[in-house]
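Input: a single structure, listed below in structure tokens.
Order of writing sets the chain letters: A, B, C and D. Residues in each chain are counted from 1.
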Amino acid sequence: MIAGQSIFQAIVLTLAQAIVLIALSPAIVGLIRKVKARFQCRRGAAIFQPYADLRKLFCKQPVVSTTTSWIFTATPYIVFASTMTAGLLVPVFASQMPLNFAGNIIAFVYLLALGTFFLILAGLDAGSPFGGMGSSRESIVASLTEPAMIMAIFAIALTAGSTNLSTIVHRTALLEGIVTDPASHVMALAALFIVALAETGRVPVDNPATHLELTMIHEAMVLEYSGRYLALVEWASGIKLLVFLTLIANVFVPWGIATSVTPAALSIGLTVYVAKVAGLAVLIGTIECMFAKLRLFRITDLLGVAFILALLGLLFFYILRG
Amino acid sequence: MAILLLLTLAGYAVGLLLPLCVPSRPRLQNTLAHGLAGFAGVAGICLGTIGLFAGEPFTTSVPSTLPLLTFAIRLDPLASFFLLTISSVGLAASVYALGYVTEFYGRVPISLLGSLFNGFLLSMTLVVIADNGFFFLLVWELMSLFSYFLVVTEHEKSDVRYAGLFYLIMTHVGTAFIVLTFLLLFQGSGSFSFEGFRRPDQAFSDGMRTMAFLTALIGFGTKAGIVPLHVWLPYAHPAAPSHISALMSGVMIKTAIYGLIRVYFDFFGGHFPWWWGFVVLALGAVSALLGVMYALMEHDLKSLLAYHSVENIGIILLGIGAGMIFHSYGLEQLAALGLIAGLYHTLNHAIFKALLFFGAGSLLYATHTRNMEEYGGLLRRMPWTGAFFLIGAVSIAALPPTNGFISEWLIFQSLFLSYEMPSLLMKLMLPIAAAMLALTGVLALTCFAKAFGISFLALPRSSHAKHAEEVPWPMRIGMAFLAASCIALGLAPMLAVPMMDRVTASMIGTSIADRMVALGGWALAPVNVEFSSLSSPVLGFVLAATAALGLALVALYSGTRPYRYGKTWACGLNLTPRMEYSATGFVQPIKRVFSTIYQPTVKLETEFLEESRYFAKRRRFEFHIEPVFQKYLYDPVITFMSGLADRLRIVQAGSLHLYLAYMFVTLVLLLLVAL
Amino acid sequence: MMESTVMIAVGLLLLPPLTAGCLSLLINSSRWLHVINLISIGTLVGAEAVVARAVFLQGSVTAFAEIVYIDALSSVILFIIGTVGLACSLYMRSYMDEQVARGVIAPKRLSLFFFLFHMFILAMVLATVANSLGVQWVAIEATTLATTFLIAFWRRRESLEAGWKYLILCSVGISLALFGVVLMYYSSLRVLGDVSSALNITQLQQVAAQLDPHILKLAFVFLFVGYGTKVGLVPMHSWLPDAYTEAPAPVAAMLAGVLETVAVYAILRCRGIADQALSPDFTGGLLALFGLISFALAAFFILLQHNYKRLFAYSSIEHMGLAMVGFGVGGPLGTFGGLFHLVNHAFAKSLAFFAAGNIHRRFKTVEIDQVRGLTTVLPWSALALLISGLALTALPPFALFTSEMQIITALSSSGLPDEWTQPGTRIPVVILLLCSVVAFAGFLYRITGMVWGPAPKDVVPGERWSVGHVPIILLGTMLAGFGLALPASLRHFVEMASALLLSR
Amino acid sequence: MSWLTPHVATQIVDFSSAMLLLTCFAIVAQRRLSACVDLFALQSLFLAMTAALVAFLTGSRHIYIAAALTVVVKVIVIPRVLKGVIERLNVTRELVMKINVPASLLICGALVMIAFFITQPIIPFGHLLTRDSLAIALAIVLIGFFTMISRQKAVTQLIAFLVMENGLFLGATAATYGMPLIVELGVFFDVLVAALIAGIYTNRLQDAFDSVDTVHLSELKE
């Protein structure tokens, strides 16, 4: 636990963060869609449309395939839980999150992996060829992403001398915003950004808006889901996206995050945070409009680049630090 | 303690002999053999636990009438730890076997099977507690022999015979190298007692120590299945009956790890250059990666698991190698961390690999096939097996909150802490090893997503799978025991870590348990808590809480409306098993991405309809992976040897005159020499 | 113990085979032949026990005006002769009778067979207990003459060829040995004068130190090449595979188990004398070098065998080589290991040939590829084959593991004697281990190929219990037992023997 | 007999042993089997002579017995047996040899040199009387051995073997004034039996292979 926090404070902070993540994620998704629509000279749906979608899905009666087992119905909850837990390890608007001690960056990665694992199983469970296709592709993307992510995160962790996210953010934030070694940071940032795109299934790795089963990855896995299950899965993926944006935002530009637990600091932190993620969302939307989706076997190159960048980050760190 | 030791050994020994003496009633023999093994296992667990925390190592010795050989036994923490591992898995295996061997009634003499099973366990137990080099070699070879006989249980099948022979020869090659190591150590001290082996560095030149290091690495590496010495493993482990495969893959190869630690940390007292550790680390990384990659391409469930043993041995060696490097730079605490991580993974792998092999055995028991492509939809027919297998899969994929995650987390930490090392090379190499470990982890995840998904989910792919039934109780109990310990070791590592710490404390001399169990016992931290910490109970709790949150959301919005059933969308057709994604198809992208490693050869034959070339009547697809190591490493050696032998034929040409000439020349030459 | 009892016992070592041999020429009923055979072997073993006890108490026994001299070394060899002889006789009960029943041999020739068998044993016992090197030589030559017809017993073309080669090669070798004896005598004359006891071991050992090293060197070379031919050391081994393949199983067992051992004994005796005057490095190096060569070559021949009898033949070349390495390297460990290895090899190899005999009777072939599924066809023989196979590849718990490890350890800690290699080189050990692995692979590849697998259709499965299985159990248990706990008395004898060999 | 000084005696012994060596060379050069047998008989005769001479000079009785046995066994019995075998098998001459005659003779010469070279350091220890006979004995042994290698017919090999035996016997008698009697007897017995057995074998080989050419004996090999 962080020194000087009462249990009550801790619980409140954690709950607050959970609520922020849950509440904010659909809006981010909506924002990205909006941006894309704008770029495509459409008016597009309102930013808050996703909330309505989720509500509708929740109310619909779900249909479950006769071929499936309990894995299929359990998966949405597991995915939701793992994503949320991972999210709670990342500091959102306050840099001293009470759950900091519960797990470091590795735990974060593996928690997300847990969700992926069950999603893959669910994709296979229905027995439809598309589900299997989605699972198989998801697995290859994941396996190419992971090493790059580990390396990138490690490069950052070194500068902060810790792998616990809150500690990293807290220390960086206290440096009045001057990043210790820019070179390695930039490299790591680039790497992590590519990783984020891949992990959250955005263009150019995957296209969440596609309707062609043959090009789908994430969408194909969840093709059989409907009703509340689909809602949970969608929501979870939204949260995952948000968490990654948070990670990037707070680790690389931790300015304005609440380094102490006072109402003022917290409120500033929250607003700054929302601004930051919104900015990133716009960026992502822009990218999605500028690039086309890559062929599956071109993704290798992209993630290879990410890995090399991360490695360079590491190298720079050691070289410059001597 | 003496009593417990006696009970353990006696239990196995009686189990070895008694089944052969009782009348041939399979049921009786089965209960007798495996009952005794289980009893001895319990005794062994107690013994191991006591020995682990005993202040002074318990030693006893029986002199033999043969020179060099004394039956000396020593229960120091290291030995006790491995004894504990062996006994627990042994216990589970004996319970499981009670049900599993019923499949062999009438086909195989159960008395033999049971007594060999006991003999195998006995020899493994003795291997880890032996305190005399000669005695060690004796039981080591016995272990190989017993396991060989168990492998060839179903010797009517030619592939089983081949597997057994290959295994026997490979392991003997390994033993030859171990003999070489011990002979080197023997020259240092002039006796085979381990006490004499310790700290040979005074008597040794660097060359000899390097030689000892390499011979030990090759010798034990062959048993452990380090790439490129792993080739026997995927043949032998699947060929054996499943409860034996579990023992071989889960425990037997660990005795090699025991040997390595014993030689490097105990005998050499950790006095070695950094590159020893680096060699071990590099081999570990390569083994881990290649192991999992070959596993991905396997569709025989048991071979797949066997390849995963190669992978996990690699992961263990990553921990040990890191420990050795740290130790060579004098960073005792970090060395201890690496070693603890390695040992923890040793224990975990023993447990979940045994569990998975049990699962595979149950599938074999229920469907009589090992080919995953013929499984499918088994989760509904075998819910228990399915659940246990899932737990095993989650653990081996190192996902929280299971034990596999904890040990891999620890290994990651010890690799990350490399930045405290003086050498830049190591600073860069260890993180790269970490990246390889990460890749390994995800590939393992993929592999077990495949293994579980294809075997247990969707529609049955064959009539075997369609008519499968849940396995009898003893098998389920055996699996349940291990599954439970998977979860337990995952949620309460703080209780397990002190055990490993005892071992490292005795090996390295620094105890870091108090520094690893941080924040009032709630969190686990590598040496400094600032760098990172992990609290798996809290994570588990949060997971549960958030899942509850999800349920709450659902309840909030839609109440709990029952869902209705529908058919899976298959473009309007009725879904048939042939439409499902096959295991081969699932790993197709990976095969393509890593084709440089696999060098696959693909063959696709298509028969088209006469009417149009756009409609295929029949398609035949097959692909093979290049067995690189057999082709470029083993075959040349074999061909060379047999070629040499062939060229020697002329010596025995059958001509009397030639033979006389040999004698004549020998005589004359010797006479001239004698002058 | 009474002197007279010992005398009688010594007499009973030589008398029974002689009388039994003569009797069996007169008898036709196979039953009685077996009875006589068993009686004579039984008395032999009994006598051995008495003599051994005497040796145990007095250190050595001399009898019949110093013609007979028995010490620990010779009693160890006698022990081997007795045990393997007994085993063979028990085995023959079932083996020969079936041959007669199947009309392979006429009953008349059966009595001839037994006559030769007894003569064979007599000669070996004599060679072991003889005090005079000359008499020992005569006895060993006699073994050649007795066995050559036993080898050619089936009178097939191959067996004739094998017999002829055996006769020629061994006789030549033996006559070289005689020249060695002559030289020995030549040198001892000058010290002892022209007395008929000048060839007696007892005498020689006392004066050996004064003998002329030059002559002794030459003498030892002749003796080594000569008796080495009998032992089957490469390159004098050529007769061995053929002879073992063609001989009837019990004879092959005796040849491999005992005859080789006796020849080794002869070499050791001469070496014991030569070493007094020479540096032991010369003789030791000779032994170790040829042992190593034999071991290596045999290993590779094992790799390409298709005929199981030849397989066993080469394996005994290999093991004799190993024992020689042990003796050559010397030291308490090496010598003990060597002697112990002799004992174990005798048991294991005779066991192997028993199994081979049973297999040959059932499958009518010596081709390994045509033998399958012994576990179902001949469970007992399969057991024997497995035990011998594992023992001969030096796997625990069988005793050869222990002895081989002792020899290897001795070799690695002291290396080959310095006169032959530069001191402390580790190459011999590496060669030894490498070749042992090669032999292991080749041997077990063949053995397991025969033991496992489904039974062939055309062979009748099942094996009825017969007296021929007693030796299998006997030898098997001894092999396994000695590997873990050697009886104290036997160990004491072996130690006494190695002490004798090392005395200087 | 005053003229028989030790010196003269040595001369005589050397002479007769030289004759032995000479007959060896003759056998090596001889292709006709019966002639070989005769030469062997002759050699044995010389051998007996030498033995008798040694016995006479040293006055050690048992060498007379040895000499007598030599005459009986090697001059009379064994040649008879061999002749009989040759007649029955009607093999008159050795047509092909592994090594042709001149080469063999050269090699034999070399062998004699080797023999002298080897025994040279140990000669001085010998009795005055038999200075060179040890060397000659060794030479005969080696030549006999070589002949076994160079000839193909079973019979000739047998003869060569017996020549070796003669060499041994020469060594035994001349160099050491005879082995102990029991040994002598044993040796003679063995030689006799060996010869007989070999004779029997040649018959059987004839029956089995229709020839006594040992080249045919090469079926057993790897």
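Operating definition for what follows: contacts are C-beta pairs under 8 Å (C-beta built on N, C-alpha and C of every residue); 3 or more make two chains touch, one makes a residue touch a chain.
All values reported here derive from a predicted model rather than from experimental measurement.
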| item | value |
| --- | --- |
| Relative to subunit B, chain with the most remote C-alpha centre | D |
| Winner on C-beta contact pairs when A-B is weighed against B-C | A-B |
| Length of the line joining the C-alpha centres of subunit A and subunit B, rounded to whole Å | 35 |
| Interchain centroid distance [CA atoms averaged], subunit B/subunit C, Å | 45 |
| Geometric centre distance via CA averages, subunit D-subunit A, whole Å | 102 |
| Separation of subunit A from subunit C, taking each centre as the mean of its C-alpha atoms, in whole Å | 79 |
| Shared-contact residues (touching 2 or more other chains) in subunit D | 118, 121, 145, 148, 214, 217, 219-220, 222 |
| Two or more partner chains touched - positions in subunit A | none |
| For subunit B, residues that touch 2 or more chains besides their own | 649, 651-652, 656, 660, 663, 667, 671, 675 |
| Which pairs of chains touch, using the document's own definition | A-B, B-C, B-D, C-D |
| Complex contacts: residues of subunit C adjacent to subunit B | 164-165, 168-169, 172-173, 176, 217-218, 220-222, 224-225, 229, 235-236, 238-239, 241, 282, 286, 297, 300-301, 303-304, 332-333, 336-337, 375, 390, 395-397, 401-402, 405-406, 408-409, 412-413, 429-430, 433-434, 436-438, 440-441, 444-445, 448-449, 452-454, 484-488, 491 |
| Subunit B-facing residues of subunit D, complex | 98, 114, 117-118, 121, 142, 145-146, 148-150, 152, 214-215, 217-222 |
| Touching residues on subunit B, where the partner in the complex is subunit D | 649, 651-657, 660-661, 663-664, 667-668, 671-672, 675 |
| For the subunit A and subunit B complex, residues of the former touching the latter | 1, 18, 55, 58-71, 73, 76-78, 80-82, 84-85, 88, 99, 101-107, 109-111, 113-114, 116-117, 120-121, 124-133, 135-137, 139-140, 142-147, 149-151, 154, 157-158, 161-164, 167, 223-224, 227-228, 231-232, 296-297, 300, 307, 311, 314-315, 318 |
| Residues of subunit B that touch subunit A when the two form their complex | 377, 379-380, 386, 394, 397-400, 405, 409, 412-413, 416, 419, 424, 427-428, 431-432, 434-436, 438-439, 441-443, 445-446, 448-450, 452-454, 456-459, 518-519, 522-523, 529-535, 538-539, 542-544, 546-547, 549-551, 553-554, 557-558, 561, 563-570, 575, 577, 579-581, 585-590, 592-593 |
